[in-house]
Amino acid sequence: MSSFKGNALRGTFFLIFGLGWSVKYPLKYLSRKLNADNQARKNMICICLYCLGMLAEQFVPDGPHMGLYSGGTYSWEKLTNWQYTTMYLFYGLSGIVDVLSYSPLKLSLGLDRLLLSVAMFTEGFLFCFHDYNNTALDQHLHSLLLIAIFGGALCALMEVFLRDHTILEFFRTSFFILQGSWFWQIGFVLSPPWGGPGWDQTDRGNFNFLTMCFFWHYAAALLVTAANSVFSYWYVVGQGNNFGALKNAF
Amino acid sequence: MSSFKGNALRGTFFLIFGLGWSVKYPLKYLSRKLNADNQARKNMICICLYCLGMLAEQFVPDGPHMGLYSGGTYSWEKLTNWQYTTMYLFYGLSGIVDVLSYSPLKLSLGLDRLLLSVAMFTEGFLFCFHDYNNTALDQHLHSLLLIAIFGGALCALMEVFLRDHTILEFFRTSFFILQGSWFWQIGFVLSPPWGGPGWDQTDRGNFNFLTMCFFWHYAAALLVTAANSVFSYWYVVGQGNNFGALKNAF
Amino acid sequence: MSSFKGNALRGTFFLIFGLGWSVKYPLKYLSRKLNADNQARKNMICICLYCLGMLAEQFVPDGPHMGLYSGGTYSWEKLTNWQYTTMYLFYGLSGIVDVLSYSPLKLSLGLDRLLLSVAMFTEGFLFCFHDYNNTALDQHLHSLLLIAIFGGALCALMEVFLRDHTILEFFRTSFFILQGSWFWQIGFVLSPPWGGPGWDQTDRGNFNFLTMCFFWHYAAALLVTAANSVFSYWYVVGQGNNFGALKNAF
Amino acid sequence: MSSFKGNALRGTFFLIFGLGWSVKYPLKYLSRKLNADNQARKNMICICLYCLGMLAEQFVPDGPHMGLYSGGTYSWEKLTNWQYTTMYLFYGLSGIVDVLSYSPLKLSLGLDRLLLSVAMFTEGFLFCFHDYNNTALDQHLHSLLLIAIFGGALCALMEVFLRDHTILEFFRTSFFILQGSWFWQIGFVLSPPWGGPGWDQTDRGNFNFLTMCFFWHYAAALLVTAANSVFSYWYVVGQGNNFGALKNAF
């Protein structure tokens, strides 16, 4: 599933989280207190999302179906799918700790952010050490992605020590939206959904254009995050009477 | 506009900001309070500067005139100009947030510094991933520039957490002046205004000299920043009576 | 001793520390106060472990037996063993400072963590600058190890400033367990104990699989650390009466 | 002066500072207050040392004698000497700020440490971008040196924010001693004082040995710093009556 559908799935996954956070965090500061029970229930849904991601990577028609080593050809099978499964596994671990942090277990404050940071660093190092088989454009696209991944990972790491810091949450949210939209872009560049080959891997102009394009995506991600903050503010302040309903929604 | 004029324009742009800050910050600490309305109006001028920068990159005679892809030759057009346009765009975003931070919108404190940091990191990564077409001296000059850019970006990032820290502001100001004067140097080295080819791209002596030269620029930038601080101090303390006029000027 | 036994010894060494810490730190927070005399005595045992490590690297049958330069062949002898001896030497220094920090000498608080950090950075840089003789898989395995080493070193460095931070101790413990289990993995991959050659150094599938495998080790290390914390909690809370005995054990 | 004498001079320079600090900082904490006038006078001596360094690099028999460009051969002259002159220049600037920080000028606290950090980063980047003309061992020796330089630079940078932190001062002192002794080692390896060629630049064993050797130097530097601290403690506590004389000496 290194095709368009795989990248679209990953992009959607990160966009859901990024856009969800871009509404959740402003509301948190406006209402000062979110319903903890409700929150834990929402986090259970996140874990389901991670599990779905893992299952999708494994059991799509051209996936590995849990087979890792082929005895016939003496070679590893579908390692790219396994790699994304590993990525979802770590996000899943971080999700479990997130749920437990609402339980009466009294986890150390900040452990949820640490695990999120570990998940993002894991994702980043998996892309770093990935073997791109001399497909230079592929490598370039994922190198740009690393900026978003490690940026987000450093934000989450700093949140371990500076908890509930609005700016860090804003920053991390924008990096998640960037990651999501860039996965879609990768899909369109490497394997367009309307068929045909991907972009020319040797044209240096493509490299320079995509570098710029990545930062346009980021400008858009910043605007979306800012717009959602403003929207949340307007919603809460302007329509205080139906705020109870909203608190349950996120 | 990768010629002398372009580099001179960029250099002037950064010098204006650096020199402006080198006077503004000492005054801030001496007077303890700057006129907020006035400040917002000054920031509007900054945004105009960014817009002018963008327009200049686009509409100079040999610029792209907003055209990005040439259907005739199936290739990207004037990507270097587009790249600098992107750079000005991010500085423009940071300028808008700067203006908004003086408005009654109650932005999170530090968001203006974060956006400045994002703008500088964007500029840095654009230079990192730029394709220098095997012109080693060009790449060397921009690698040195990266020290100033990422140095300034880290300063701005730390100011998000340590707001109004004199040392960080001093440091950031000196990096901006360095960037400005180095853009001028790049212009003189690669495309001298008196015509003729640039410096020899293969002479290793040029590389070693320019490395040293970069740090001489930095020594000069430090001295200029220090001199302006001393000058501001002398101006305020020695001529307290016309301080009101000065406060309006910056 | 770059064979299986050497890697197994190093792996066991790090596992002992990692697993020991994974029980010691939760107990510290549950009991609030560890017996200082007892602690110093335990640290003496650690120093013995480091000395044993050094002696093992030097005096195994194919070791250098303290000889560094061979006058006969005009060449350095068994540098890999000497390198690991250097590694144990720095861990030994950190152990000595650990013991002294319980003495009445009034060392600066945090010096023990700093020396631990120095030991880990030393280990990391020794692997960085090691010459792998074109054995790419060997280098890949040790590059992955560097993530665990430098991760742990940064944790220890931050503990100098943020002493007794639960999250940092948890993180550092998990990195030590990871290092231990990965040394075992390196042993199995490069020189399997059942004889025969190591894995194919040219198959790119091996590289991608081992990258993933490293992060599975880390997921396991996180689970082990978490399980030991839970176990310690259950032991202390459920069986408060025999807690005195436990305090002496660690 | 890239010969033995130059490296010995640089080594001695850093050793004087490192060993001086290794006695000064413990005394500072034992006596709580150093004579400010005296301190400024000591710092003047430091500036003289920097000037001597600059003059030595310029006016040794085979130095550039302030000539930078040779009109005859159309090439840069003696750039290595100029590079070290630049290094001493920045240490000189940091020395001047150090003196001024004892003056009634009310400099921002921490500016002296910032300038020291800038001087070390400058030194580091000068070595980074230096062209080693395919002499791999030369480059390897200076790469190792970078660990000491950037380590010290980061320490000084952190001291801007965490002033008078014993651990950071201890750490920085040890890095200066390491730098000093390593410059001597570089001299012995590349151009032995007893004549003859330097070590074999192609033998991989030399690379591995020197990597280890660097960390043995560091272990020695740590021991010397610790011993001087203990000696200072013993001197002050055991011989309190002649402490006044000592305070004037450092």
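Read from first to last, the chains carry the letters A, B, C and D; within each, the first residue is number 1.
We take it that contacts are C-beta pairs under 8 Å (C-beta built on N, C-alpha and C of every residue); 3 or more make two chains touch, one makes a residue touch a chain.
According to UniProt, the chain labels map to these proteins: A, B, C, D = Transmembrane protein 45B.
What you see is a predicted model; the values in this text were computed from it and never measured.
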**Prompt:** Between copies chain C and chain D, are the contact residues mostly the same numbers or mostly different, with half as the line?
**Reply:** different
**Prompt:** When the Cα trace of chain A is superposed on that of chain C, what is the rotation angle, expressed as a multiple of 5 degrees?
**Reply:** 90
**Request:** Averaging only over C-alpha atoms, locate the centres of chain B and chain D and give their separation in whole Å.
**Result:** 32
**Prompt:** What is the distance in Å between the mean C-alpha positions of chain A and chain D?
**Reply:** 46
**Asked** Of all the residues in chain B, which ones touch at least 2 other chains?
**Response** none
**Prompt:** Got a list of which chains touch which?
**Reply:** A-B, A-C, B-D, C-D
**Request:** Please give the residue numbers of chain A that touch chain C in the complex, ascending.
**Result:** 68, 75-76, 79, 82-83, 86, 89-90, 93, 108, 110-111, 114-115, 118, 122, 125-126, 129-131, 133, 160-161
**Prompt:** Where on chain C is chain A touching in the complex?
**Reply:** 140, 143-144, 147, 162, 166-167, 170-171, 203-209, 211-212, 215-216, 218-219, 222
